[in-house]
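The following pair of complexes shares a single chain, chain A, combined with chain B in the former and chain C in the latter.
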Partner chain A sequence: MTAATVLDVDRPAPRPRRSFWRYWRGNLKGSEFTWALAFSVPYIAVFLAFVAYPVSYGLWMGSDPALYSDVFSDVIYQDTVVNTLIFVALGVNLKLFLALLLSGVFMRPGWVTKVMLMLFVLPWAVPQLPAFISLHWMLNGEWGLLNNALWILGGIEGPSWLNERWTALGCAIASHLWKWTPFWTVILLAGRMSIPQDIYDAAKVDGATGLNRFLFVTFPLLANLYLVLTLLATIFLLGDFNTVFFVTGGGPNNETHLLATLGIRNAFDLARPDLGVAVVMTALPVLIPLVIILMRKLKTAEVQL
Partner chain B sequence: MALFRRRSLLQGSFGLAAAGALARPYIANAQAKTMTMWFAQGFVEDEDVALRKAVAEYEKASGNKVELSIIPFAPMRQKIVSAITSGVVPDVTQNNPGEILQLYAWQDKWIETEDVVETQRAKFSRTALSAAQAYNDVTKKRAFYGVPIRGACVPCHTWKSLVESAGMNLAERPRTWDAYFDFYKKVHDNLRKKGERRVYGLGFQVSANGVDPANLFNAFMHGYGGEGIVTPDGKLNLDDRIRTAAIKACEYLGGAYREGYVPPSAINWNDADDNNAFHAKLMVMDVDGTLSTEVAVKEKHPEWYFDEIVTDGLLYPTTNDGKPVTSLIGMTNAVIPKGAKNVAVAKDFLKFFIQPNVLQEFIETGLGRWLPTMPELAKTAFWENPKDPHLKGYVQQGLLGPTQPDYYVYNPAMAEVYAQHVYSKAMIAVAKKGSKATDAVDVAFKEIKEIFAKYPIQQS
Partner chain C sequence: MSMRSIAAAPPLAVAGTSGSAGRMRRAARRRRQASNTALVLLYAVMLVWTFTPIYNMVMIALEHEGDVYGSSIVPVQPSLDSFWVVFSQGYWYLEHFWDQFGNSAYIAGMVTFLVLLIGSLTSFTVGRMRIRNGWLLTNAALLTYVIPASFLAIPFYLIMNRYGLANNPWSVIAALVTFATPYAIFIFQEYGRSIPIELDESARIDGASPLHIYLHIYLPLMAPALVAVGTYALLLAWNEYLYQFLLLSDKRSMTVPVALAQFLNSDVAPWNYMMATAIIYALPPIATYYAFRHRMSSGLTMGGVKG
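Up next, the complex of A and B:
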């Protein structure tokens, strides 16, 4: 007996090759396959019409390399990239850190906490547009609520919040935090609630209380969730339009645009949809890796809270 | 025996879906005389009422149907750009904003409308006829692509009551340009002396949003004798006369802001903010297009309309050497996009709509916010009403006095100059950054030259 023969004996018998039809139908038989097809077709049609087509159309519109030399040489775009980085960095981290702390507050028992939680989620519940438009008016330097309150309460002449780039951008970030912190707090609250009480009890026996309890029990168990939320919030915020558009309007002098608002400005104010798409496309080199990392982390997060 | 089995049910469903898809063209054909029209929502409801009335009268007279969409002012621009980009267009749309007509005519996106305009050609003003034309860079010729509906100019709106509370008399306001606006600085100073900390003398839109800042800057350019930055054959003219006027305009507008005569928030106003600020009595006077400021309060505050607010056409302040100021007219045109399905019905409707009696009712029902495009329509009891303190001066400025179309009519490059807010950047540089007006204008003119280089007009 040759060595080759021995190997042939040990190797499992080759599986018969499945035809394309068998592969396509999977294990479904007869009318099961027809039903599966009937239920899939609407979803596929919606996906093609509202996801595949618009994305492909956008990619096609922004495919001319000459557009990008126009975009990169635009001074407003250069400011916009800086604004977007600041907005995302501060917006995501402040929001999630606050949400992490606040979720701890809302874990406390008692009806007062429940009432506070109900009030706290109100900004998230109100529609975005009227909320941001109201904030725009409240921040008006001459007749806005904030400066009038400062004047009445302390005789203080408040600044023109929306007239300078950095104060206006700061107002946009603060508005975003006010609107969205409750949402992420509720998610982190749910995360905290899913940590079994047994673990805390065991930690207590070992002497872990107060800050140690948070540092060595809560945070390690929430770490994966926190990371996933950070990635998700970053992806959301890179495409944020409403906050800046309605709070600062991109002003003063086009100094507080984000990529999304600048894209809309170029597309419609300049009547150059291709240039608008090109601006938004420049976020893709950051967005795509983030989505990939998020997908990978989601797989891990399935088993680790 | 069961009537339906699973297989027959599925087959029947697919069959019905296919039959439905095939039946749709028949339904579309049945409505071949229905046309779609987009128009911007009015500042007051009466404007929309007037439009709906005109449409209803046409439907009754013709038997055709008009599917009218009244769209808020700002989103309409997005809707038109999206429609032209995607090719899914209405049969008629308003050119909102005005420069859309010339921008897309350049790209050969509109259907020619000379046959429609021809039906009333003798009655339209020269400015209206000029503003309905545009240069087509594909055919290399200028042609009619618009049908004039209504016009607007930029008057000055003033609170007489605030002038009086400053201890001054509005009747004493000077007639020449600088002295006229300096008068309101004096009102401002007097109000400050009386302890008024939140009322400003001048409502200048020194911002980089919307269309108001360009209108304001153009008005001041003309006030300083700087007419003709673009010639009627589409050539850019930046000679010494224009440059001097631009520097003076930049210095006055930016300087007034820097010196505190303009509300600080004006640096970030959009088109509606100055109206709101004026109604809140934040400033004594505002330079703003159309009579929207006045007609918006006519119903709720008739005492404001008739007694407290005064409208000065730009014929009231003359240039500093006493010459009348030519007003730039922003003209509302109806346009028919290429790809429209019912061009014949669209043209039929527009021929109906521009009949003098129809246009007259449309404009007058809308309270006179907009100007007629035919001089004969200014000689009606409505416009000559001696009890109305606003209409006569407004129509004198925008129709009967010296007028010209906005510069983007001559070359769409000017539309890009406005959209890029080149004038605003110059004003803001002087207002906030302490730049010299000469330097700010030099930077602006450099950018204007670069923009015009992209729009060469070979033949007029």
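Up next, the complex of A and C:
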């Protein structure tokens, strides 16, 4: 402020300040601008305090290159990368493909379809934790419902699902599908419903039915939505913590961790927060391009979730 | 195979074959029967798939502790004892159940309220008042939406400890509001486009302050979107585990999911009590979801795909 007195003598000095405020003010008059500021302050505060600050803090924590040689030489980390790739690739594609097909089934008219849809979306409404705890016990090799049912109904001795790496990982993927397929089905169903009926009528005149209708009419119209959903699901799945944490617990022998669960394990079980952050940071080379593409898509494609 | 494609099948057959009408009708009927059988099978698989984990939850909650470790697939001596034990906090692990349930409800309620408040204020300034460079706010929200919450958990935890907010429900509320508000902002902005801006303008000419417009024009017209986003925020808070686990460790300040997970890690997990707790915990969001289902799915896909 001491400089202001000096600048006051200088004529052009106050002008940039006034035009600065005028610029921000835009077409808002007097007190309206104050209101607009007051209304946007809460979100700006939330963003700065709880997004910008933790993000920069995390980047700073993980900025030491020495951490990464520790991370990459860790056998558990190497397994984790493989698991994450499998989990994301299978999880995303199976989930969305199933959702795409099922959304077609739910387009059928009639009350049976309506009731089925209502029942089918139930897993979405069940909170994650109760659901995954139930699945964890259900998959227990000795006392779980699945193996009991296999034995009683089919005379099959089921494996101990959660005690072997690949079956455990498979169970985690299946559990994820159980919980989240309904959500994506509902979104794709709404996508299908927004396709105008006249397009189908026109296609019918041209003789497109069944598979052809799907391949040449429905899918091209849904393709953009499907692409955006794939990107979004990939990002969500990369950050998925609850499924693996509760269904397999990262076990057996830490062989089924994902980046998110391994990060938390390193930070809290091993009391090495920096190592935890470093594990998560190794996802950034994949995450950042995805985020950039997705942000562009979400803005231009006018697809909103 | 949808109904319409089946109905559309005969004309194609006319174009393809020149056989007798009877044969064609029989073929069409066979095809319809086959697709109906496939549909019934599909529905059966879907029901088994959807309900097995839920059945498992209910079955175990109805069993006695010893029967959980058995090979039966139906409850041996079904009883509601476990639920009563949970309600009356009659087990050492459940001694603070109602406190914890209250914490969950308090956090979910506050998160819902704040998400609605902050989200609607932000989208009002960006979408209705057309604040200059509002895209900065929208982009900040978009960026937050695509950052996986679990990746931020470690720095968030350390920062909250530094703020002295460990074991304070407000640290969890802050985290959940942060991750739920971006979605609110999108939905509100998208929905707000359907409300004519002339309403605001004429009120403005009449001398109404922005606060008045926000309270008396914007909010009432946004009611359907508020319901959709409110349900979303409530379910998000009820679903969340990681932040609650990291930030709330005291038995009295923790929430139901954190307590349940502690159960899970103890050596002698009483599964019937756990499942009864899980069911009680799952009921409010299921009820909320089904009450506002239509609003919510229209909100989820508001503007869904355009063209």
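We adopt the following convention: the second predicted complex is superposed on the first by the 282 of 305 C-alpha atoms of A that agree within 3 Å, B and C clash if a C-alpha of one lies under 4 Å from a C-alpha of the other, contacts with A are read in each partner's own complex, and residues count from 1 in each chain.
Here is the rule we go by: contacts are C-beta pairs under 8 Å (C-beta built on N, C-alpha and C of every residue); 3 or more make two chains touch, one makes a residue touch a chain.
This is a predicted model, so every value here is computed, not measured.
K.L.:
Have a look at where A:G91 lands relative to chain B and chain C in the superposition and call it first, second, both or neither.
P.N.:
neither
K.L.:
Mind working out whether A:L225 is in touch with chain B, chain C, both or neither, as first, second, both or neither?
P.N.:
second
K.L.:
With both complexes overlaid on chain A, does A:P273 touch chain B (first), chain C (second), both or neither?
P.N.:
A:P273 contacts both chain B and chain C.
K.L.:
Quick check for you: in the superposed arrangement, does A:S31 touch first (chain B), second (chain C), both or neither?
P.N.:
After superposition on chain A, A:S31 lies in contact with both partners, chain B and chain C.
K.L.:
Is A:L298 in contact with chain B, with chain C, with both, or with neither (first, second, both, neither)?
P.N.:
Once the two structures are laid over each other on A, A:L298 reaches chain C alone.
K.L.:
Which chain, chain B or chain C, ends up touching more residues of chain A in the combined arrangement?
P.N.:
In the superposed model, C touches more residues of chain A.
K.L.:
Please indicate which partner A:W143 is in contact with in the superposed arrangement: first for chain B, second for chain C, both, or neither.
P.N.:
both
K.L.:
What is the contact status of A:G58 with respect to chain B (first) and chain C (second): first, second, both, or neither?
P.N.:
A:G58 contacts chain C only, not chain B.
K.L.:
Per the definitions at the top, what is the overlap between the chain A residues touching chain B and those touching chain C?
P.N.:
31, 35, 142-143, 264, 267-268, 273
K.L.:
Going by the contact rule at the top, pick out the chain A residues touching chain C in the complex.
P.N.:
For this pair, the touching residues of chain A are 23-28, 31-32, 35-36, 39-40, 42-44, 46-47, 49-51, 53-55, 57-58, 61, 102, 104-105, 107-110, 112, 116, 118-131, 133-138, 142-143, 145-146, 148-149, 151-152, 178, 186-187, 190-191, 194, 200, 204, 207, 209-210, 213, 221-222, 224-225, 232, 235-236, 238-242, 245-246, 260, 263-264, 267-268, 273, 276-277, 280, 283, 287, 290-291, 294-295, 298-299, 302-305.
K.L.:
Looking at the complex, which residues from chain B come into contact with chain A?
P.N.:
Residue positions touching the partner: 6-7, 10, 13, 77-78, 81-82, 85, 100, 103-104, 198, 207-209, 263-265, 267-268, 270, 277, 280, 282, 416, 419-421, 424-425, 428, 432.
K.L.:
Could you pull out which chain A residues touch chain B in their complex?
P.N.:
That would be residues 31, 34-35, 38, 140-143, 160, 162-163, 168, 248-254, 264, 267-271, 273 of chain A.
K.L.:
Quick check: in the complex, which residue numbers of chain C touch chain A?
P.N.:
Where chain C meets chain A, its residues are 1-5, 8-9, 11-12, 15, 39, 42-43, 46-47, 49-57, 59-60, 68-73, 117-119, 121-122, 124-126, 129-133, 137, 139-144, 146-159, 174-175, 177-178, 181, 183, 185-187, 190, 209-211, 214, 235, 238-239, 241-242, 246, 257, 260-261, 264, 271, 274-275, 278-279, 281-282, 285-286, 289-290, 293, 297-298, 300-306.
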